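Taking it in order: structure first as structure tokens, then the write-up.
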């Protein structure tokens, strides 16, 4: 019986203007998306490849342990996602690298060790072209598809009630929930059919191109992304049915739905983010530099004072050098870490608040599985920090392995003088893992499902007791 | 007769749910976002003030004329009207160094650090954006059934049995719907202005009210375009459901899809960086020529075998910087001396150093200005032209016209921001004139403060005067006219179709 | 006075809806045109109202050629459709006042509106009710009220009585008679042979766009209208009708 109703709905939809327009629109958008990805992706990969090669070769050009320990690994780059076309995730606003270099001069002949620093990205300061939203899957699903869903569902119950066909249908011995499920499935199938075909066309264009290679795990991610898209679609169908069954006339239903759509999809993500980010104010760059200079100044003064006492004891000087080096490095890294933590906390808060909007949830999920955006950036930062530890351990291990060394890290004379095999220096490898992604996605996924369940049960309750 | 028709339409529209819902949602959105925007403006203003103060402090620490060239920076104040349309105001650099060694452009600035750069992840909304989205949608919802609905219900027949011309019916529909749609529009503007005037951090001048008036005017034209598009759809289609679908898809296309897609399509078609290479070579030549002259001068100087600072500084207190950036064609030479103690043995050399700077600094200025001529042309063709082409393509959607017009009124458009960089160039000129007046290049204080530091109090201060309202108007006029023209074309089209259609 | 001269309408090149129609409705006369669905009745009325342009020929009200001076002509025409559709969010009074003003009245007093509404038999409580709550009969009454209010020389009615209950139908015909008394030219299309017989001064039978037969008052009384109708419209002969 459900299938019978679904079939009628499908037949109704397939012949409609909206179906034709939807198909055309989705295909055009997906085609543009694919063509652009095929054009841009090789460039992006090339850029990443060149940058990492340069960085690694600079790293491996050093042979003595001291300069390895002092200069640090240089620039560490974030690996671009092969699924960039699915969700751009605001990646241009996120720095695609962090660096670990030596930046602090404690005294004339004493420079602190390298420390990690996280630069900001200001991609737009030279850009005088108008703003755009990237036409990625996230945009197509989040904005276009949700709008289309509303246009498919706003009259599905109220329209039938207006025309009187609902009375006719319910005069048969059909339980109401069957009607509801039939309608739900009808809308779902009639939207997801053109969507699926558009996606398949998009993927075939991308995979046919020789420049882009999609591996097996990428396909798994694509399937997950597709499921998320369908879930998101279901959410909007449920919303459409809820409003459609609650209101007497379809124009009212449409107006409510469109306004809800505008508010939740377009405005809440930005407005709420702005409000939430007003609650905290992370360390400004000016303040950062002020504090940094203050720290360095204090350190310098302390060091100079101590140095006066140790005049004539070269061994002691080495100890103090090493100690202040470590202090300077630690202080530097702590400060940039503090700034980063505050910045991230501000963003996290804003992101949590905007989770009230389903489009944000969907985009978070897409970004997580695509490997772009903020979640991914944090993962990159974790990788960077893990690598920094690894790198430091490597230096101590190398030093410890040399019996001739005095094991005073940071001072040339106190460290192993044995040349280091450049190949053995660890290079930064930016990894992503699916299981971690699932963990990161858990909340968003849960909320998305919760919203859907709530809306669907609301629709059910509403439709059961509606008067026809 | 017309008034009867209008009265009926008005009553019909005002009593509907859609009208009330629009007004309520509109006002909610506007109020919420105005608070957010004022807060944001406040923060940017704070950042601006902090940067100005920091620069002032740093300035006081500079003791020689030449050393100021690394800290004579100028800060761009946030534009209050960016609350209406943010345009490029928040995005482009807001701090820029001004010194004699190069002519500042939009590409040489930086962002003074007072915000979290990661916040860019969230798109920002301005008042015009709300209108762009909600009002256009509402205009279509008001319009789609205006004719199709009456035709479907049969009331159009009944009306037409009376001696009413079709033009009058159209006019009545247009006027009354616009009156209804203007209610949320004007109320929103009123609310924003009230919130702005009551906010302690904001002070609106008469000019600003005129500019806001211009924005209101543009909004009305935009609204009218969308209403007429809806009416056209309504008159072409025979059924309301078809009209509705068509209207919604047209909306989605014009507002959501087209502005984003078209720019991506144009962007991918070009790669412009290579075109900067010949210009860069040219600029390099200018500076190399300058450097040759400089070196010649040094070689011919009576004090043999010395570097550019003639040994006076003794190593510290002197920086010589060649600054090059291929991607923005930046190429400049800076020699900064900030000696604060001069040993007596160097004293005889001082006149030579003074002569050196007296000759070389004007040459630096000259080289910088010659390089600027090349640079300007190249940068404009590589960066400005695509931006202008983009905007032309955007104008195929009413959203593009509206955005351009309101940006022009607010002064956050490309030209409005260029005014600022223009002002920095002017400021550089006045500074150079000031230095000439003070005979600063040949002065001992150019490189050394051992006989007293430079007094900056009398130096010219930078102040940025935004363009007059009539300049804003002139910049907004093409788009306003375009919108007006589109209105007329649409009206004519509707009339044409409606007149010939059978009921 | 209503008149058509060789009035012809061809839809989409080849579909002949009305073919060289010549008829005349005098003042104070009720002319009823009978015909099946698609015979051209509504098309004729639509051409009287300039909803559609005639392919050739012309229609007149008084001396005014309708296709040439539609606005002038409409001053003298009132129209009641099969399904009187009004502005659903307005009350009966609001609707009536609106259309009265459209008809050229400057000021309409509530008393006058109420009088007209009463005259067509609407209950007083319905005057201020929204039209969307009205039954079909009430809407038809309101439709005729609008026509009365307009006080035009000619009234065009397109199947106005279909779907009305017997009392409603009878009341409606009474109203038409009153209009006739006032000297209006009334042109009405219908399927309803009995009502036509009851009220018509003249009857025209329209078949596929052609006026096949015109009957005067005497002929109407004399002839078996039902038989005639079936003969022309359906091609039935009386014997076959029995087997129907």
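Per-chain numbering from 1; labels A, B and C assigned in written order.
Heads up, the rule we're going with is that a contact is a pair of C-beta atoms (placed from the backbone, for glycine too) under 8 Å apart; a residue touches a chain by one contact, two chains touch by 3 or more.
Here the structure is a predicted model, which means the values were calculated and not measured.
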item: Category of the chain touch graph - line, ring, star, complete, other; value: line
item: Chain at the geometric heart of the assembly (C-alpha centres); value: B
item: Chain pair whose interface holds the most contacting C-beta pairs; value: A-B
item: Length of the line joining the C-alpha centres of chain A and chain B, rounded to whole Å; value: 29
item: For chain B paired with chain C, centre-to-centre distance based on mean C-alpha positions, whole Å; value: 65
item: Where chain A and chain C are represented by their mean Cα positions, the distance between them in whole Å; value: 69
item: Touching two or more other chains - residues of chain C; value: none
item: Complex interface listing, chain C residues touching chain B; value: 46, 49-53, 71-75, 77-79, 81, 83-90, 94, 98-99, 101-104, 143, 146, 150, 156
item: Of chain B, residues touching chain C in the complex; value: 1, 4-5, 7-8, 11-12, 15-16, 153-155, 157-165, 502-503
item: In the complex, chain A residues that touch chain B; value: 16-18, 21, 25, 29, 32, 35-36, 39-40, 90, 93-94, 120-122, 124-135, 139, 143-144, 147-148, 151, 155, 159, 251-252, 254-256, 258-259, 262-263, 266-267, 269-271, 273-275, 277-278, 282, 284-286, 288-289, 342-344, 346-347, 350, 354, 373-374
item: Sites on chain B touched by chain A in the complex; value: 17-18, 21-22, 25, 29, 32-33, 36, 39-40, 43, 47, 50-51, 54, 88, 91-93, 106-107, 109-125, 130, 133-134, 137, 141, 145, 241-242, 244-246, 248-249, 252-253, 256-257, 259-261, 263-265, 267-268, 328, 383-384, 386-387, 390-391, 394, 403, 414, 417
